[in-house]
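Given below, in the form of structure tokens, are the structures.
Across the two complexes that follow, chain A remains constant while its partner is chain B and subsequently chain C.
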Partner chain A sequence: MNKGRGFRVYAFVYLAFLYAPIVLLPIFAFNDATIVSFPLTGFTTKWFVQMWNNAALGDAVRNSLIVAVSVSILATTLGVFAARATTRYRFPGQAGLLGMIMLPLVLPDIIIAVSLLVTILQLGISLTLKTIILGHTLIATPFTIAILNSAFQSLDRSLEEAAYDLGETKASTFRLIIMPLVMPGIISSLLIAFSISLDEYIIASFLGGTDNTLPLYIFSLFRFANQVPTVMALGTILAVLSVVLLTIAEYFRRRGIARAGGKDTGGFL
Partner chain B sequence: MTNSPATAAPNAASKPIIQLRGLQKYYGDYHALRGITTDIREGEFFSLLGPSGCGKTTLLRCIAGFEDWSAGDLSIDGANMENVPANKRPTNMVFQSYAIFPHLSVAENVGFGLRRARLPKEELNKRVSEALDMVGLGGYGKRAAHALSGGQRQRVALARALILKPKVLLLDEPLSALDKKMREQMQSELRRLQRQVGITFILVTHDQEEALIMSDRIAVMFEGTIEQLATPQQLYRRPVSRKVAEFIGIMNFLPATVSRADATGIDVEVVGLGRATIAAEQCPAGAKTGAASVGFRPETMTVLYDNDPVPASGQIVTGTVAEVVYFGDMTYYDIKLDGVEKPISISMRNVVGRPVLERGAHARVSWDNGALVLFC
Partner chain C sequence: MNLRKLFRSEAASGYLLLSPTAIFSIVVMAAPLIAVVLFSFMTAGYLKIIWTPTLANYVTLLDQPIYVTLMMRSLIVAAVATAATVFSALPIAYFISFFVPPERKSLWLFLITIPFWTSYLIRVFLWKVILGYNGVINSAFLGLGIIHEPMTFLLYNANAVVITLAHAYAPFAILPIFVSLEKIDRSLLEAGQDLGESRFMTFIRVTLPLAVPGVVASVLIVFIPTVGDYVTPTLVGGNNGQMVANLIENSYFKLGNYPLGSAISVSAMGIVTVICLIFLFLNRRFLRSRS
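Now for the complex of A and B:
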């Protein structure tokens, strides 16, 4: 009876620490006061209205979407090539090469940001959204490779050979067999890269020049006390979006495994 | 393989569908196929049998077009296959893992190869359901392919490969993933299917029983070469080498000395048995006098009982029962012949009213000249 008690308390404290601050977001987003503190003073949606009418915020959202969509497509495309290469072909130095591609996973973002900034300035390239896209693609690609590797790995090679044997070409085999089977992996890779880029701060602040992305803008808002509830409203929307994105990604990952008739090992949810 | 007694000749009249001429394959430095020369005939059930790593799959994949060879020629139905890719060859393959497309239904799997033919819908459906009927899966078309059992997947894979009416069907260990009962059922079913469609089947297997049961002819491979190509009967009765003999069933070997060898046969002194004469077709070509060994199958010897008369053709030796295993219909003896160190295996069909000898008992064993095979 007493057995799991310690663990249960631990799990509860852990989850409370994780989610309590996030629960505060919507509470203050709908609170009718500029100061973020208890007791609550009344219900309002005016912070959402204010947020909606904020032109600078609109720009930041637009920039972030441009960056995040580009990054998710670029990183996923690169991930598909890398995953295909590592699961289908053997070449000298393969393990070392893959290790080097995966390195940004553990390298501090600040190091990547500084070295990229130095390089880009040396090359005389101006800092725009494009340079942010470059930086974000660099840090998102290891994640997409990891996801896509597992999608391509679970693909039985004889499936391709069977399609080819039955008269299809290499190209139509890719379209008819490989793509449908790895599509769940591709979708979850797109979503993960998108969300990595969307909330990335350090690289965006180093490489963005005068262009603001959403995290940069949110941080700058904190300098103005009267803007804090707007940030709460924005935070509420972002939190909901994140949960939706992660759920979709997980849904596709699981469907992919079920389709291929495999067993579920790991994953996000 | 060049020995005339070892080469099979059933329906020898039918023309070769696949011709292999000195086929070689290197994987880097590794010599996987070391010169394969043989003809595979139209409409026969042909098996490639050999231990793991001998190159069976490699040879099959060369025929299918998944693997390039390093030297030699391969032609199918008279056409050289040198630069013909797998999707243009008149062969289809049943994969060991079945390779059923998991995102398609059973019918879509079976009809996959007909996609390019752009048949009208009714025609396509008709051909798919015919193919499904043929493998005993009538009415399964709408099922999701990934929800099938092992045996059903196997049948889908067969239907999918046969629907294109290939000239040759290639099967790489198709039964190895099935349990024993299912495997036995599929063995006879594959055999029936092959007779029904009349297409050449090439089966890769490392299971000698499976090869014996199913094949018209068997090529026994070791280390990238065909050691013997023969019918199941020839292979069992007259293996060309000790290697083949040990791979197919059980064979006893006794050291021997050849005292006379000519075109009519040889005279030999066998340790434990004594003098024997072996007919020429039971000896390797060019057998010379000197040391050799003699082999015989366990069922060609008979353990005699007290009052048994000596069989007309047989000679008698004596020994002791070293081990006995009763198997219901059969009894398996290990008998130590007088003057021989290693016990020989003898299998006897059990007959009502005849006792089974016990361990340590004295045994009289009769043997037959005609069952002996000479190995150099």
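Now for the complex of A and C:
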């Protein structure tokens, strides 16, 4: 193990780099000063109280939840179709079609934002939360497909055939046999799509019209120095929330793989 | 009867099942992308678009130095950020793949992905706190007596953008490299050493070439979105760190010139595509030998 020591030290330094900003979050959320800088001046929970009493924030959170829940359901549904189609069937043009569907993974978000804005305005549709949902579903779908693909891939085909032999139809087989087996994958895909939408800024700012989502609201607060500690308090809560959500997602993803008897290859991507 | 058979065939079932997602992708992504290309050849009139195809927008982009300057800067900053991200990610991917026991690998990958899922905006803002005039680094160095006045070259320039992007895109670089390292047959490495290569030379001549597909994937997956990143240059870039996304946003919202904004978007996409194709072409030898 000696030869790995250099790498091990590097790995811990790298983790420190990755976690540096997140460690600062609670420190400033509980720091009794308007200006976010060192040295610290004392402990307070007033930023959390201020955050709680903020009505505009409440609206933004509500809008973000509407968008994120809709996106997680839509993107996961689209992901189920695509993952099932590409893992179960072979057909010409499959790679090309899937490539197109996965394209938002590498397309800069601002390009998606701009192209949807131009199209939506040209069609005379007004910008609301619904248009944000469209944009977010587009960028979240490739992630759901990546997760669901591994869930569908580890399915045993003979279970499905047994169901057909016993007289079940395609639809009832899907509902009774396949769905329960890929359920952990579906739950983890719902959670990932939810997190992606909840965090997205540029598409929401182009397609939101006058509707504010949480990231838009946070961005607007950065301009007011005295609001920054409130953002830190909010960020702390969001960070805790997303760690909890991800732990649940990871738990279901692993259970799904274990249930289908596959080998864990790790990671969401 | 024949039609029915066709309908039940494997290919038909596949198309039918993929169609909702494919149609969504065509309507919400492909068609709008085509619309942007069309728009880039139009002219912005007063409160309306003049529908006469023209190259005027592209001429403007080439004529006014600001557009060329910001495009060049975006490409350079994204290239440097990509290099920084991928080079710092390589040892981590190597460490997890070769030194971490199999049952602990998922835990390490999980640890790496967690920071990525906390609010991007707030993470970027916290880099401002770390790098700023009264920031963590300056106050620490002042306290230790290493410097006597705060360093100002940390924030509001391209350096800050590179550091922040390297942080934001870390998991995107690590995961593809890790996956390609995991695929390497370990007996090849033993064979290399049995045949008298040193451990270092085995790494250079066996491991690295086999890891190239992963490295290429992570370069592309980091480079393409970073060219178009908006939040990072806006928050930590300062006036000299603005990038092409700021230009696009500006022409859409401040100038209200949609055709010009579309022309910037299309040029950016075109240039990035060409660069990526050249990059893939240069690495074709390694990519082909894998498949």
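The working rule: the second predicted complex is superposed on the first by the 264 of 269 C-alpha atoms of A that agree within 3 Å, B and C clash if a C-alpha of one lies under 4 Å from a C-alpha of the other, contacts with A are read in each partner's own complex, and residues count from 1 in each chain.
Quick note on the criterion: a contact is a pair of C-beta atoms (placed from the backbone, for glycine too) under 8 Å apart; a residue touches a chain by one contact, two chains touch by 3 or more.
Everything numeric here is computed off the predicted structure, so don't read it as measured data.
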Will chain C clash with chain B on chain A after the two structures are superposed, or do they fit? fit
For A:L105, decide between first (touching chain B), second (touching chain C), both and neither. second
Touch count on chain A, higher of chain B and chain C: C
Which partner does A:L166 contact after superposing on A: first (chain B), second (chain C), both, neither? first
Per the contact definition in the header, classify A:I177: touching chain B only (first), chain C only (second), both, or neither. first
Name the contact category of A:A16: first (chain B only), second (chain C only), both, or neither. neither
Which of the two partners, first being chain B and second being chain C, lies in contact with A:F81: first, second, both, or neither? second
Between the C-alpha centres of chain B and chain C, what angle is subtended at chain A's, in steps of 10°? 90
Measuring by CA atoms in the overlay, how small does the chain B-chain C distance get, in Å? 9
Can you list the residues on chain A that touch chain B in the complex? 156, 158-159, 161-169, 177, 180-181, 259-261
Chain C to chain A touching residues, read off their complex: 10-15, 17-22, 24-26, 28-33, 35-36, 39, 88, 91-92, 94-96, 98-99, 105-106, 108-115, 117-123, 125-127, 129-130, 132, 134-136, 139-140, 167, 170-172, 175-176, 178-179, 182, 199, 220-221, 224-225, 227-231, 235, 245, 248-249, 252, 258, 261-262, 265, 268-269
Chain A partner, complex, touching residues on chain B are 64-66, 85-87, 91-93, 95-97, 99, 101-103, 112-113, 115-116, 146, 160-161, 164
Chain C touches which residues of chain A in the complex? 1, 3-4, 7-8, 10-11, 14-15, 17-22, 24-25, 28, 35-39, 77-79, 81-82, 84-86, 88-92, 94, 97-98, 100-101, 103-112, 114-119, 122, 134-135, 137-138, 141, 145, 195, 199, 201-202, 206, 215, 218-219, 222, 228, 231-232, 234-235, 238-239, 242-243, 246, 250, 254, 264-269
